[in-house]
């Protein structure tokens, strides 16, 4: 193993050496690495892998790519300061990254003001491409609305009429509930929302929340809690029988970041969005999985996929633009299509949202591990509003 | 009825687990007078250690071992760091324990990795029992029992054992300990062990309820502060009552108003402090130590003035030769220097500690952003609105705060900042909630980095100079009088409370202006400007620069910004920052200004 | 003679304990009165009530005929009530001169000759020293200087010569008495040292267990059997 790695490193070094004559293309990357390591570390490993592959295969237009990655510690003010530094001192040609929605928005606004392109990789807020969208910002990951819409479509197929919702008490939770309500009500006008709970983010008092939900006697529950809140919610809900004979629809819960820690206590039969990396069997994905596991010696997470795709998008747009000029990059980014370990994705001209999709399925426990079963891939394009509708949601001018 | 009884029991279980952690903090504060910010970190370590041990042995043994291990870690903390700070004013201890928070954060990440770790359920207590037909988890009943057992045990210990009597003596009158012939250090060590072990126990017992994760520390600490303050610092019964109050408020509050989760605890704390300034069961200790050290302002005479003028000349000339990112970084430093300078004024000159200075910074920031968005005014008007709104905030917060002193005052400011923070999140229609307010960029004439740099320099340096002038002048003299000996000052005819109120308003206005400029430099504002870490940053800057040097905030902000900028490129940089903070607190209690002044004295002596 | 300070049925309870129990007396303008009593008699509590540090449980007081019962300390000071503390309270981060300055600013006295006063009190050499560098006796003097600098009409002195040697005491007491006479200041002071009490006071109030048990000239007090009982064992001091 060490031997292989040494060889690989040597090969990489020789490639770098051959590229050394040309100045590398610098990309600025900002993320909340210390604030949320559970989600951002796999993401980092994803883009690092892609970066190594790109440079090993000769870089882009004869130049190698360099990512200057910085930690914003979860503070938007820091993120903007770092963005300034990246463009002024490090002369990066574009910005990418961010996890928290509000930091994504802050950097997006900065990008607009400073006329630099920003590819938001992870933030989920709809505002980023719609109500607060701008010319300079593009977003990779399927948004809150897209994922909620995928789930609402599944929810409409169930018999459940009385719904209760539980979501963390901050913007993402509010958006996720609003989007779900909107789409589900449209698909199935007879549904009623009988209760909503808003536990504080990462501070859920799961026992009382579960009991409050139980009190409204819903047919079904829509859950948006994640991370440590999800673990508490599942445990308290299970022991108190909240999920018994009820449909549960749950956002992001199928992502390994959230499902794996639950081990054999993962809920069964929940309808979730997620990433069943263990069961996807396509040549593209197999290659990606093999490379990732060889490079990092650990299993895939959703973040790994997002990070990898982000890097592929960066490479694709640089190749397409044949220039590092912001206007050329933006022009190239609009309508840009490239392959990924999933389906190919396209950055829509209308709202700058990528059509990256997600998997929807049911949770189950297999060999003592939480996994998704009966899953299928849903193309992001199929749950996005029409380009005209999307455009109408964006600020004018 | 059955439902409400069951809801009450569920609230009681939460109260129990909160009480365990709060009791430890309260005991430690009572005996050592240390506000231990790292108490939440001990709680988190309890959960992680219990997780690791439970992978090899039974859950119950894991819980016991975690409590002992965390007790030992607490003991080490006392020996290694806090012991050196007993003589220091409260502020230094608090900042040092915040350094420990950062160190433990990174240590836990290094040891346990980033993923949440779901521990085992408690063996034998996995099921539910039916009470009036409602399912109640057995583990909840167990937690309730443990809470009551710990309450009874601590109560008995305090009433009946020699150790307890000593602890009470230390809490009520530290000087009595000497009379009883007890070495305080032994008692302090034992207290830290027990307090930390309780936090560890609380963390370990939390394992069946939530996965061990890296956010447990800061999540619990704010809540535990609330409990200890509401209960009365140093009172065990008070901590129990407060934990009960907070948990039941949450349990029943969410039935009526589900969004209450963010603000309930802090609002309750503010209300209690207004009516019972020292908490439900708290008493004003006879020996309230000085919040800050009493010392004359550290000025550097002619050398200082010369350095100040030279610095100003360099700063004015800088944009002509420095690269633009330096110009941007310096604009940031000016803003933080002003933010810190206000705090420095009320804390250094006025002896009024604030743990919630971000409240004023945030009010200024939101004030500026809101008038731009709401009324479409231009930047200059917004920069007027920022300090005005912050000033109004300071008038209200200050009016409540000046009725208290020392750590209680600090806690009230913390509560005020937290209430504003949750308002900013909750009041989405006005503040934009977490998505914040975007697109607040400077007027066209100031968009250019150099122009903005001069704007920031002019506003910040003028205000900082005004603050220095105030603190060294007659105004500062009278404020220092209230800090040095409030009864003496009052007996001379000085309106102590009014002076303190004015100091808080001046600090608030300065921080508000800083917040206003900050918005225009970042283009956006989010609730994090009001959050605890922002308040702590201000404290660290003040401490780093030197509490008694009028130039302290400038040095502190500069060094802090450069440190953060430099360190944040390294892995595990938070631990490095934490270590720096601890070292400064122990070895340079007068900050960097103190170090300069010492070097000067040494040089003068050697020549 | 007009009345400078009048105390009516003043009481103060701490929980169940009666620290001050229905105390009434009045001080004539320009009088020099001592308040004595054994430890724990309530002298300091009485001072704290008069100066507004504590709120009375019942009763009230008038300063120059105006009720000050619910007036905060600093307003009483502005009405002319000055005081010193049993444990000298000074501004420890300041020089001696700055301490006096604070008193002058607070009392809006701009023509006061601070140097002369410091000279009289024998601490002129310390003018520019930080308080913490001074010996305790000198700190007491600084506090006294502050109280005097604000030109009070009624001055409460809580053990003004504690911690000083016998000769020093005498000179300080003489100085206080002389300044009070010149300025017409009404002085009420507590003291353990009976030489100071009997040597300078024109009138003596005696407290025991929160009550005023005797009030009269030094001669009256010396011959008061009740007072002698309380000071049993201390008779020698009383006779001195």
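Points worth noting:
So that you can tell them apart, the chains are marked A, B and C in the order they are listed, and the count of residues begins at 1 in each.
Criterion: contacts are C-beta pairs under 8 Å (C-beta built on N, C-alpha and C of every residue); 3 or more make two chains touch, one makes a residue touch a chain.
On a predicted model such as this, the values are computed, not experimentally measured, just so you know.
Contact topology of the protein chains: linear, an open path with no closing contact. Located most centrally within the structure is B, per distance between chain CA means and the overall CA mean.
One inter-chain figure worth recording: subunit B and subunit C are separated by 43 Å, centre to centre, where each centre is the mean of the chain's CA atoms.
Per-chain CA centroids place subunit A at a distance of 75 Å from subunit C. Between subunit A and subunit B, the centres computed from C-alpha atoms are 33 Å apart. Not a single residue position of subunit C touches two or more of the other chains.
Multi-chain contact residues of subunit A, defined as those touching 2 or more other chains: none present.
For subunit A in complex with subunit B, the residues that touch the partner chain are 34, 37-38, 41, 70-71, 73-78, 80-81, 84-85, 88-89, 101-102, 105-106, 108-110, 112-113, 125, 127, 132, 169-172, 174, 195-200, 202-209, 211-212, 215, 227-229, 231-232, 235-236, 239-241, 257, 260-263, 265. The residues of subunit C lying in touch with subunit B in their complex are 51-53, 72-75, 77-78, 82-83, 85, 89-94, 98, 101-103, 105-107, 130, 143, 146-147, 150.
Here subunit B touches subunit A in the complex through residues 3, 6-7, 10-11, 13-14, 105-106, 109, 114-118, 121, 126-128, 135, 137, 139-140, 208-211, 213-216, 219, 223, 247, 250-251, 254-255, 258-259, 261-262, 323-325, 328-329, 332, 425-426, 428, 433-436, 438-439, 441, 449, 518, 521-524, 526, 528-529, 533, 564-565, 568-569, 573-574, going by the rule given at the top. Listing the residues of subunit B that touch subunit C in their complex gives 294-297, 474, 477-478, 480-481, 483-485, 487-496.
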